[in-house]
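Shared between the two complexes below is chain A, which pairs with chain B and chain C, respectively.
Let's look at the complex of A and B:
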């Protein structure tokens, strides 16, 4: 069911990521200010954007679950949030490495973008413990969906508030009208890396959904065999 | 923001960032593979159970054949 199309999707993800990393190291020019260290940008920013997109996707499926009561939508929401937390860990780790190399510190507390991402990440870090603290499956799904919807709405609000903040921003801006002031070759490489990361997210999402579906079917089969 | 790091120093940071990403993806795939292994094991157990039941009940075996 969920495994349909997984093979071509996996091949496309690997090809897009290999292509993106080849462009990063052999095509994109060196940044005038930061030099070689800026190559982390092509990994860190797509990871962050896809993680945030995954949180919002979890919220969208949360709404679908609340409207339909469908277990399938709950599972899609859960897996999207679960994967986004993993990508969030990678975003924080790569961001800290970049910060250390670029700013000389692993973390800068007065930079709103970093703190906003950390708040979002910590919010979602509570999702799984809260979800599995509820034993009744229907209540668990309903409460998890409410969390996903509120969290999903909080993500864009949080980052819009950072944009509107009048703080002295150190963190570079990519998603503005000038494409972060990047030359075309850099922006193209970034877009390919973003596409590759999105494909990887969708592939892993389908992969995990397929695994969970197989496990649920196996449990149902075991119950039927036991009662026969 | 300070001046650009020399290539050898910057290279170590860039390599570390990409390796962190690779390690996380590999860990995730490894965990998924172990879960898949458990599903396979349970499926084998169920298949064996079904085969034993068929062996105990020849009528059922004929039905399945």
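Let's look at the complex of A and C:
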């Protein structure tokens, strides 16, 4: 049921990622101040944006679950958040490498974007402990959905309040009105990398959904065999 | 809805007056935390940023204690079942609990801020009027709303005492940021600075956003 279209999707995401990295290394110009290390930007920023998008998607499916009570929407919300937590770890790791290379420290507190991402990540790190501390499956789904909705609203609010806390901004703001002052070739490469990462997220999401679905079907069949 | 909220609130206040479970514990905890900070920071008087930070950390942790206890009686004594059997709007439970938590926090702050200004605060606390009560009231509203949600989420889990602080601390961080930034100039040595309006706006926005979300999702936490 979730397996349909998985093969072309996988091929497309592999192709997009290969294309993105080819562009990163052979097409995008070297950054004038930062040199080669700036290339991590094409990995770090798509990871972060896709992770945040995944958290919000989890919230949207949480709302859908609360309205319909269907198990599928809960699974979609759960898998989106669960994958986004993994991407969040990768975002923090690549961000720290970039920070060490370009600012000279592994962590900088006067960076609203870093701090806000960390707070959001810490909140979502509680998703699984909360979910699996509830035994009743219906209640588990409902409570996880409530958490997903609260978290989905918290993401923009947290970024806003932390950004207000610091007047001076060093962190490059990629998606402002002017395109971050990047030359067109860099922006194009970034967009391809973002598309590749989004495709990868969707592919992994569908893979995990189909595997969970298959496992549930298998368990149901086993029960039927055992009772027959 | 109003009579239901009033009835629930009366019940909870009576319970608190008879058992004295939450507010005295929160007050005692705040005072002990001030003493801990005095030695941990090795400072006898605090002012400005540091004074605001210590105050907000203490109030945040005291609030977590209160959030932890908020729904325990309902669960253990069958309060949820009784409420769900009654033909009333379920949002009433949320409103009553949020008002109760708001009241608890205000009572705790009344004592804690007085003790703080005697024990640790360098500048006179009167220079912070009327800014400080305003910031505290806005922050209390946010803590009450989010705390009620977190308390209701956590009370049905196996590890309630763990889940509450883990969930509440990141969710309440914007309040601490805005609260500490807004109170720092009020507690500055040598006269209070102006109250920064944008932090009040952030606190107000937080209250409104989470208030709306809470009203929308709280019903699902009671459904059974």
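Simple rule for what comes next: the second predicted complex is superposed on the first by the 221 of 228 C-alpha atoms of A that agree within 3 Å, B and C clash if a C-alpha of one lies under 4 Å from a C-alpha of the other, contacts with A are read in each partner's own complex, and residues count from 1 in each chain.
We adopt the following convention: contacts are C-beta pairs under 8 Å (C-beta built on N, C-alpha and C of every residue); 3 or more make two chains touch, one makes a residue touch a chain.
Every value quoted in this text rests on a predicted model; they were computed, and no experiment measured them.
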| item | value |
| --- | --- |
| Combined model on chain A: chain C and chain B, fit or clash | fit |
| Touched partner set for A:153, first chain B, second chain C, both or neither | second |
| Which of chain B and chain C A:139 touches, first, second, both or neither | second |
| Which superposed partner A:119 touches (first chain B, second chain C, both, neither) | second |
| Spatial angle chain C-chain A-chain B, Cα centroids [nearest 10 degrees] | 120 |
| Greater residue coverage of chain A in the superposed arrangement, chain B or chain C | B |
| First (chain B), second (chain C), both or neither touched by A:208 | first |
| After fitting on chain A: smallest Cα gap, chain B-chain C, Å | 25 |
| Touching both chain C and chain B, counted on chain A across the two superposed complexes | none |
| Chain B residues touching chain A - in the complex, by the definition given at the top | 1-2, 4-5, 7, 9-11, 13-14, 16-18, 20-21, 24-25, 28, 32, 35-36, 39, 42-43, 46, 49-50 |
| Touching residues (chain side chain A, partner chain C) in the complex | 66, 119-120, 122-123, 126, 129-130, 133-135, 139, 142-143, 145-147, 149-150, 153-154, 157-158, 160-162, 164-165 |
| Residue numbers on chain A that touch chain B, as the complex places them | 21, 31, 33-37, 39-40, 43-44, 47, 86, 89-90, 93-94, 97-98, 100-104, 170, 200, 204, 207-208, 211, 214-215, 218, 221-222, 225 |
| Complex contact set, residues of chain C against chain A | 149, 153-154, 156-159, 162-163, 166-167, 169-171, 173-174, 177-178, 181, 198-199, 202, 205-206, 209-210, 213, 216-217, 220-221, 223-224 |
